[in-house]
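Dumping the structure here so I can ask a few things about it.
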């Protein structure tokens, strides 16, 4: 036990060892975290009125980011599936970093929920036994269960592997094998449950479409891996971790297929709404063409669609996929496109027009944007710190003693 | 006269009385069975009882423009005039179409002659401003508490302000 | 020997100072942001309404009355009248008579202690143009402000919580802070709500409202007769809505909106009482309910008593 604590602090010490770029990066993130924290303090003090959310559009930027990040967390499974099921060696090595990303993403999700709550101190009410968790009727209760479960699974797998590596041992598949297999349907489920959260509401016809859950998964499998591709290239550059190009190109190929499905589903939804032209279609009309003169989201949606289609073609053709310039452009385009489409392009139109036909054009306030950036910075900082000792352990640079060695 | 013939007179008298009574009862119009407790009629102060002026006055049944009560412009029942509802011989009562008199605190029976469906709903509690106890004494009002009988149509009201728009809530 | 990694610049943070800093930070985070008196902790640890027995509930009511007295310098009573047996409340609205004057909207505000700033109204009166599409509510106008009502080519429809028999908001709430009472009223426990606003997304009638800021109401305008689940003063960050004036109706009185309506468009009563006027309306008028296709089974029956 004693050596475990010692080793923990040795790992912690790694966090303070770095070059100038590292310190600048941490300072950059800390700056935004402090800005976000002070904006949140104001929000705690005055209430959620500091945001642009009102009764008519009661969810906004925070829940949009939450939805996007659940997709990113679920996409870690995209690495797990080929790695462990098909024993595709190039990816197997880097699954660890995907799992650590899932841990950071889920942490960010939890932070976004906390800042969105009107009474955050009462968060314990949602727990079973001590609180009054409304399981299984409420989809939010389901979401609490699956998201925390996913966080636990990924944290256990990642830290177990790191621990075994750090003391120079092999990790045992009999220990983490079942967890890995469990994490595959669990990853699909976290995003399905999040989709069902919106899907189950008959009061919001824009969300009450069966296509919502498949669309969520398809867009998650684009955006999450795209972020990982960018991160892997950074990790590769900044450390001695070797990541085979084949891994990167394989992931990019899978993104292409996911984006293809995403675009098809978008087309299917557009057809149904615009062709049948019933009142339910007003939300998508608002998104792409404006409604009764209110059209603030129109340029965003068309840009998002343009980004997604361009990225699809960039990833589809091997020539552009295997060229790192076009690959990275594609990654950035996908991230922006899916962020817009799944974030503001999904949450806000669910509330426009509202249940009594009113159109309130929601546009986030500075306070909301600062808090959002603060949480992204916190997530990035968490991932950075996790990598700070995960990478040395992975490359073998950092090893701990065990009781046997010390004695 | 025989004894039989002598008995005929009182028997036929009794018979006649009974017949007359039945005839009178049959001719009597339907009395409203339930009395609704309502606040007092909204008279202009001092105007009631009407007999304080009208007791000694001769009755003029000619429809015409009046010298008194000039503030009343009748916008109800086109072609009608005062004595269609008011009782010429006793101004403290109102007169139904069949001649029966009703007091002012039962004036709903008068309105109900033409507005029968409304009267039926009012008795059930469906028509009219509703106050009181939903599981006990409902407070009823006379028709005239809301509808001035001489010009019953509701005048438009000034609406209270609209709610604040969400974009204006800071 | 322990291998201590030293970085290139020789920066070295030892364990002791790290632990000290962490401890201070955690201690700071543990302080409540408001006052740290006993009432705060009692309020924080308050159990779910259904897990408290009558004695515990009475303790809560006493604590709340003390808090409100401190806040408003006024004696405010918080009651907990239970549902009357054999009662299911129903509401009727005569659309042939509503003139859109909004007196119901403001009577509700005064009876139920709604916040003036930011403004919260539990009732919304919608205006529709005669002859145009209306049941879908898409073309309604809430912010009409003419000189006089009713306007010649329009008609008006007030909307508030429909107290659904199959409420989507109750299903959605993750903490069971909102539930349906035996007499049909859907209530919210303002001390249990976490302010996630999922119920607001779930409600098809726009009936639920959120306290985006600390609700402000002048003390002289506070209605002092309140109910725990109804019109007692609320908090920042919780959801609220119409409760069919639970503080009145459970004592046999009509809701404030029914009594305020100058044209008698609003009807209220016990659906289980065959003599009630609401039963009369349902049995004799062609009633309909809003968004009936969603199978929420609202208790709010709209009808046209006559045409104008």
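Each chain gets a letter, A, B and C, in the order it is written, and its residues are counted from 1.
The rule is simple: contacts are C-beta pairs under 8 Å (C-beta built on N, C-alpha and C of every residue); 3 or more make two chains touch, one makes a residue touch a chain.
The shown structure was predicted, so the numbers you read here are calculated from the model rather than taken from an experiment.
In terms of Cα centroid distance from the overall Cα mean, chain C ranks first.
When the interfaces B-C and A-C are ranked by C-beta pairs in contact, the top one is A-C.
For this pair, subunit A with subunit B, the centres built from the Cα atoms lie 75 Å apart.
Annotation: 44 Å between the Cα-based centres of subunit B and subunit C.
Measuring from the averaged C-alpha position of subunit A to that of subunit C gives a distance of 34 Å.
Annotation for subunit C: residues touching 2 or more other chains are 118, 124, 142, 212.
Residues of subunit B in contact with at least two other chains: 165, 169-170.
Multi-chain contact residues, meaning those touching two or more other chains, occur in subunit A at positions 49, 54-56. Subunit C makes touch with subunit B in their complex at residues 84, 87, 92, 99-103, 105-106, 118-119, 121, 124, 142-150, 212, 249, 252-254, 258-259, 261-264, 266-270, 273, 276-277, 280-281, 284, 305. Residues 6, 9-10, 12-14, 16-19, 44-49, 51, 53-56, 58-59, 113, 116-123, 125-126, 131-134, 137-141, 144, 197-198, 201-204, 279, 282, 350-351, 353-358, 398, 401 of subunit A touch subunit C in their complex. Residues of subunit A touching subunit B in their complex: 49, 54-57, 360-361.
Within the complex formed with subunit A, the residues of subunit C that make contact are 2-8, 11, 13, 15, 18, 32-33, 44, 48, 50-51, 118, 124, 126, 136-140, 142, 159, 168, 171-177, 192-198, 200-206, 208-214, 235-239, 294-295. Those residues of subunit B that touch subunit A in the shared complex are 165-167, 169-170.
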